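When the chains are written out, they are named A, B, C and D in that same order, and each has its own residue count from 1.
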Amino acid sequence: MLDKEGIAKRIAKEIKDGFYVNLGIGIPTLVANYIPEGMEVVLQSENGLLGIGPFPFAGEEDPDTINAGKQTITMLSGSAVFDSAMSFGMIRARKVNLTILGAMEVAENGDIASWKIPGKMVKGMGGAMDLVASAENIIVAMQHVNKAGESKLLAKCSLPLTGINCVKKIVTELAVLDVLPDGGFKLLERAPGVSVEQIRNSTAGRLIVDGEIPEMVV
Amino acid sequence: MNKVVSNADEAIKDIEDGMTLMLGGFGLCGLPEKCIAALVRKNVKGLTCISNNAGVDDFGIGLMLKKRQVKKMISSYVGENAEFERQLLSGELEVELIPQGTLATRCMAAGYGMPAIFTPAGIGTEVAEGKEIRNFNGKDYLMELAFEADFAIVKAWKGDTMGNLVYRSTARNFNPLMAMAGKITIAEVEELVEPGELDPDHIHTPGIYVHRIFKGFDYEKRIEQRTVR
Amino acid sequence: MLDKEGIAKRIAKEIKDGFYVNLGIGIPTLVANYIPEGMEVVLQSENGLLGIGPFPFAGEEDPDTINAGKQTITMLSGSAVFDSAMSFGMIRARKVNLTILGAMEVAENGDIASWKIPGKMVKGMGGAMDLVASAENIIVAMQHVNKAGESKLLAKCSLPLTGINCVKKIVTELAVLDVLPDGGFKLLERAPGVSVEQIRNSTAGRLIVDGEIPEMVV
Amino acid sequence: MNKVVSNADEAIKDIEDGMTLMLGGFGLCGLPEKCIAALVRKNVKGLTCISNNAGVDDFGIGLMLKKRQVKKMISSYVGENAEFERQLLSGELEVELIPQGTLATRCMAAGYGMPAIFTPAGIGTEVAEGKEIRNFNGKDYLMELAFEADFAIVKAWKGDTMGNLVYRSTARNFNPLMAMAGKITIAEVEELVEPGELDPDHIHTPGIYVHRIFKGFDYEKRIEQRTVR
């Protein structure tokens, strides 16, 4: 079973040299720490920045320089600032190669729910609806089951949707799965020490297990 | 062509109950904090506020929410604000949540004289309800209308007396978009300079879009999520 | 009768302090020379500049700094450069207070033709169609009659249109006229030494003459 | 992330007959003259060129017209070019004339992932023929589609190896719009610098839009209408 850092580490392997990547709030933000040495990757922040640098040293925080999670950050050599319309312009125009974000639920047809629990929580969708509607390549980083032990990989989402038919890959504490174009969660890798049976028990949507499933190397 | 007013109170003096305002900033970054303070002092009521976020409990638009000055918020993300959530769940506050890119682009559309734009954001979700859907090249898009706002209130780093503005770092965010979109645009700046002191190639908002400008003193620039290595 | 400079001088009187003005190629460009002292006016160039300055001194021409007529110009204190999309954005959004441009024909309903003579001349419309479709306040600077002596103020344009129902005022070598909302050229002023009769003979469209017509002061 | 190629010939090596190109510049100002020279050398044919103007007889796109490399021009203004006018009137050259703001905005739409925009330019004229007209708030607008171009070729003043670009004065014009709009974007620059040398707040085209960049030598920067006091 993976912890949050483990999920981030595994997702980092999906990043290719030269990619422009948008990292959502939460686990996706951690992915930045595991980009392989020597690989040149530019991180996009949808408030209007390409080239997110590390968090600042204490005392060097700049209130004018934040990421989409409102955290203080730094810039890098080659960073570029722009307004939020251009930021979503480049997202819609598919210039961003990979989007990694969290979710409350994912359905076997690639639908995603992440922004609202009716009557309970209404934080808003922020940039998530724009990202999932536009990105060619979306990876969801999430827990396989919620705190009540219920699967978050469903036949159909129960919460209000963020986007439809868009999620391509999911990395959880238990597994790596592809969402097939025709529907269904295709199991690709098991987390260390996790059995296919455990994954099956934690997946409410249609799980497709084809042959031997390797344990992931993190 | 001198657009300088003496302070925030003078800049907002004709903002009246029931008007629609755009307020720049992302979270607390790049927030027109002097004008917000003046709006709280003036206690103008029944406002519709278009702003990406709603501030925190004791800063930004949160201060206006606390005084019940806001009738309706149009935003993309409104977490981090307990009073907001209370007013929303109790039905005291009307809230329209829209995708962040849609919000940004509807501002730009107003400033560019484009009555509507097309975006795929929200297709298949409750955001699409009641809106026209149109297919281009096999992909569905929502038609979203340009915003209309009586006033746009933005914060820039530097500005000149002709209204030309320069923003600093990610405090740019929605500010240049909203600056273009108001019927009347008010800019508050950290440094007010004479024409000619800003490089024409580096101006983010040309003065034609700005009607009033003033220098704000002692910016607090509060940090929402102080994060260090 | 006015010469080109006279037409430009008369049009300059229509400009108010604090105006942002777009000047077309030809006579309109000359208007810049007659803006009253002490009046602050910003000239827009649709390639992407606010704050057109005077032509440069010989030897100081900058190939990167030109106006919409491709002439070398200078900038002023407070000038701002932007791309052509923003330039037409501010035109469409009616931030430009006044547009002054030339025409081949104007009709009594405010239609204008200025960009094409079928089979003979096809230079293109440049920014003229955007300007006339968006501007609230359009003044046409033109000759009252063409080289063949035919009126250019018509009941209906014969050439391909640049825009419809848009011209508000016309200044020619003979007269100043308003285009009325319900149609018709309302004569406002006569050029020095020009009679109402002369103007009537040179106007093919409906001319409205109401009472005594003053001679213009240039 | 190093996008540097050695010269114009390498930058355009995979541009093929029949492709659609966007070419930056307004008149001869801000023209990608090195890439145009390379296209003439390569003698690629049957091109569709989207460019505000068509150059003059012996400079800019005029050089490509002379060699009959252009099948179709999409422009707003094509005066000052006798060979162009000859090919047009004889029917050798296909020409689509569109309003300048429409041209600029259709480029921007492509770069912003917006399939179409609305503009009043051309309503009631032959430009509107066959296009959808739509009324918003009592005013008619044409729906105009985003451009699609195989390559966008632009000229900037400075660029870094990651593709970030800065333009100088009115040589900016269509360049940043087209830079966003190409499937592949080539930038030629007067000065090529290392990442970090350009101020992040002053970058006009973020590198994400640029695929290839090179330094051009000995720019001619011809003046079309030399005018002095």
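Here is the rule we use: contacts are C-beta pairs under 8 Å (C-beta built on N, C-alpha and C of every residue); 3 or more make two chains touch, one makes a residue touch a chain.
Note that the structure is predicted; figures quoted are calculated from it, not measured.
Colleague: If you tally contacting C-beta pairs, which pair wins, C-D or A-D?
Modeller: Spelling it out, more C-beta pairs touch across C-D than across the other pair.
Colleague: In angstrom, rounded to a whole number, how far apart do the mean CA points of chain B and chain D lie?
Modeller: The separation of the two C-alpha centroids amounts to 33 Å.
Colleague: At what distance in angstrom does the C-alpha mean of chain D lie from that of chain C?
Modeller: The mean C-alpha positions of chain C and chain D differ by 28 Å.
Colleague: With chain centres taken as the means of their Cα atoms, state the distance from chain A to chain C in Å.
Modeller: One centre to the other, that is 56 Å.
Colleague: Taking each chain's centre as the mean position of its Cα atoms, how many Å separate chain A from chain D?
Modeller: 36
Colleague: Show the residues in chain D shared as contacts by 2 or more other chains, in ascending order.
Modeller: 105, 112-114, 119, 168-169, 172, 200-201
Colleague: Tell me, which residues of chain A touch at least two other chains?
Modeller: 49, 75, 81-82, 85, 88-89, 91-92, 134
Colleague: Sort the chain contact graph into one of these: line, ring, star, complete or other.
Modeller: Basically it's none of the tidy shapes, so other.
Colleague: So in the complex, the part of chain A that touches chain D is made up of which residues?
Modeller: 18, 20, 40, 42, 44, 49-51, 75-82, 85-86, 88-96, 134
Colleague: Mind pulling up the chain B residues that touch chain D in the complex?
Modeller: Residues 105, 112-119, 136-137, 139, 141, 145, 166-169, 172, 200-202.
Colleague: Taking the complex as given, what residues does chain B use to touch chain A?
Modeller: Where chain B meets chain A, its residues are 26-30, 52, 75-80, 85, 88-89, 95, 97-105, 107-108, 119-127, 157, 168-177, 204, 221-229.
Colleague: Contact residues on chain C for chain D in the complex?
Modeller: Touch residues, chain C against chain D: 45-49, 54-58, 60-67, 69-73, 75, 81-85, 87-89, 91-92, 111, 115, 119, 122-130, 133-134, 160-165.
Colleague: Contact residues on chain B for chain C in the complex?
Modeller: For this pair, the touching residues of chain B are 1-2, 110-114, 160-162, 164, 180, 194-196, 200-201, 203, 206-209.
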